[in-house]
């Protein structure tokens, strides 16, 4: 199995997921500003999920870049990841249409958590396929983002039941952590540790 | 006709099929757990079909890997396979929304059966195009999975009329047989034959 | 403009068109055979359009294969073709849901006619871009299929107003003419001419 | 990050956007000409957006052609552009279904404006990544189209509140300016300047 076709297929699926998500933003009846207002939370959750899928697509690319041979377990771990990502449009729409209510916000976090776990499994399968001197293992380093995110999702899911907006704030925070390049964050974190 | 474009087109179609299937999982009104419950069978049938399409994508890739020239009959046999796969979202949604009732469960098996036959035809067309020393013919070996599956689908369709859940169990079993790597299954089967 | 990206984009659009067409086959309420019956004409028109898009994809590939440089006019002629093809799911659904009634059957033919004209324009643009010794010009030969089809569509559109089913029969006939490899048809035609 | 995968992903997203837009053209009930009439403005706005997405796809390709390395900021600037383009089906459907009324027409222009700005940001990020001797910088020249378009969108948005059809006329004009090859337009403009 060449990795090119795995990349092409994953790109295709992620591109479709990111695009059909916008179908939840249904064209309203009427042409006044009032009919747009109920769509604002749907749009906001769309923006958030768009960023998440962008992050996954980006990281997925870098991860596969180090991969030479695609074993059967890498292939199924990849499909497992795509499965959880394919549920993102559903949780995005549900959360947006219910104005970030408790259960939809928790469910949104649950799917992100499962996607993060699926990503981690895929990462482990690729490392295992590369044997001792795994390039990917070196490349991810201490992988603090990858190890921190699942805990933040769990915290967000728990918080959703008392303060759903806190959960959403945590999802935004995790996205920001991934989007902002490492060095800057690390400098900020180091600064804080040194400063406080 | 280069095989690259055939692969790319097939990948595209399968990626779209696998992703639009999730559109059947319609965002419910309300934010309570109760509104999610009717979606459970839809989700379960989605999982099953996701695995089936993953299997087809995977096997399709391996099969085309051995293919050098794409004849007209290979091309149309491939489109024939994609046609039946394109009906999977429909039967998946129908089976899920009717909680695995008789007719939808039988229809689900019928489309799987037709896809299996279409796959077999494509395989024969590629083998024929490769002439005597066909690599694909050697690669598939005795092809026990490919020969067994249609009979299991036929059995499932028949059983759907008395016990629809048995039909679904058979669909799950066929998927498991394809996902689990050969050697392990063969060892299990050999072990059983020897042990009993 | 490299032709690879033009091919990839066209493949993507055609793959999506062919797949979203199946969304017109809406999952019915109820699990009896009766709820499937209204879908039969929708399915039949889907099969017909699937074959047409398969033909276009196939011919489009062969045509671009001869193309080396993509000029601006080739690019827009290609988008023009994709535009008309993108209307096929609409006319397919409309014709299927109205059981091949007059106006939908005529409209179906109109979009096929416009697609055929768009294809012809694209062909001319590529030939023009290749200058004197155009490979494509030689490859298409007398292009009897390409020249015959528009007239058959026009005849079908006219006939739709008195006998819509005749129009549909002509659409099927045109598809058959394109799917069946040339030599066989030519032999049949030659045989007839010689025999009668 | 190789630019090939960025191109392939962008192509995929644009191909899907251009195609799902047609889903707003919903199959009507009934088979008379009367049921088609309400769809005419939807079709017209679809044609306009199809041309816009074709222009973006075309220009995007030429821009990336000059790009050798894809930095993190280029990648996110590209996703930012795709985000705004992904909203085009929504504004297209809203404008079409409301017969080019004030607010939908203004909103349509707003998304075009944001896409134009996103495109400009992406252009700047690529030029910055190429350093001093940027090929892209030379290639775009004075970029009069790119600099003029945002102002025309702003004018159209303002005009939409008094005369929505003028706004639409401006959108058509901008599309024409981009589609028609430069030299011809420049000759026309030069001719006018000289003649008047």
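The chains carry the letters A, B, C and D, assigned in the order they are written, with residues numbered from 1 in each.
One rule holds in what follows: a contact is a pair of C-beta atoms (placed from the backbone, for glycine too) under 8 Å apart; a residue touches a chain by one contact, two chains touch by 3 or more.
All values derive from a computational prediction rather than experimental measurement.
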item: Numbering shared by both copies at the subunit D-subunit A contact, with half separating same from different; value: different
item: Far-end chain from subunit C, centres as C-alpha averages; value: A
item: Approximate Å spacing (C-alpha centroids) for the pair subunit A, subunit D; value: 28
item: Computed distance of Cα centres, subunit C from subunit A, in Å; value: 40
item: Junction residues of subunit A - those touching two or more other chains; value: 8, 12, 16, 20, 23
item: In the complex with subunit A, residue positions of subunit B that touch it; value: 7-8, 11-12, 14-16, 18-20, 22-23, 25, 27-33, 36, 47, 50, 54, 57-58, 61-62, 65, 179, 181
item: Subunit C to subunit D touching residues, read off their complex; value: 1-2, 5, 8-9, 12-13, 16-17, 20, 23-24, 72, 75-76, 79, 82-83, 86-87, 89-90, 93-94, 97-98, 101-104, 107
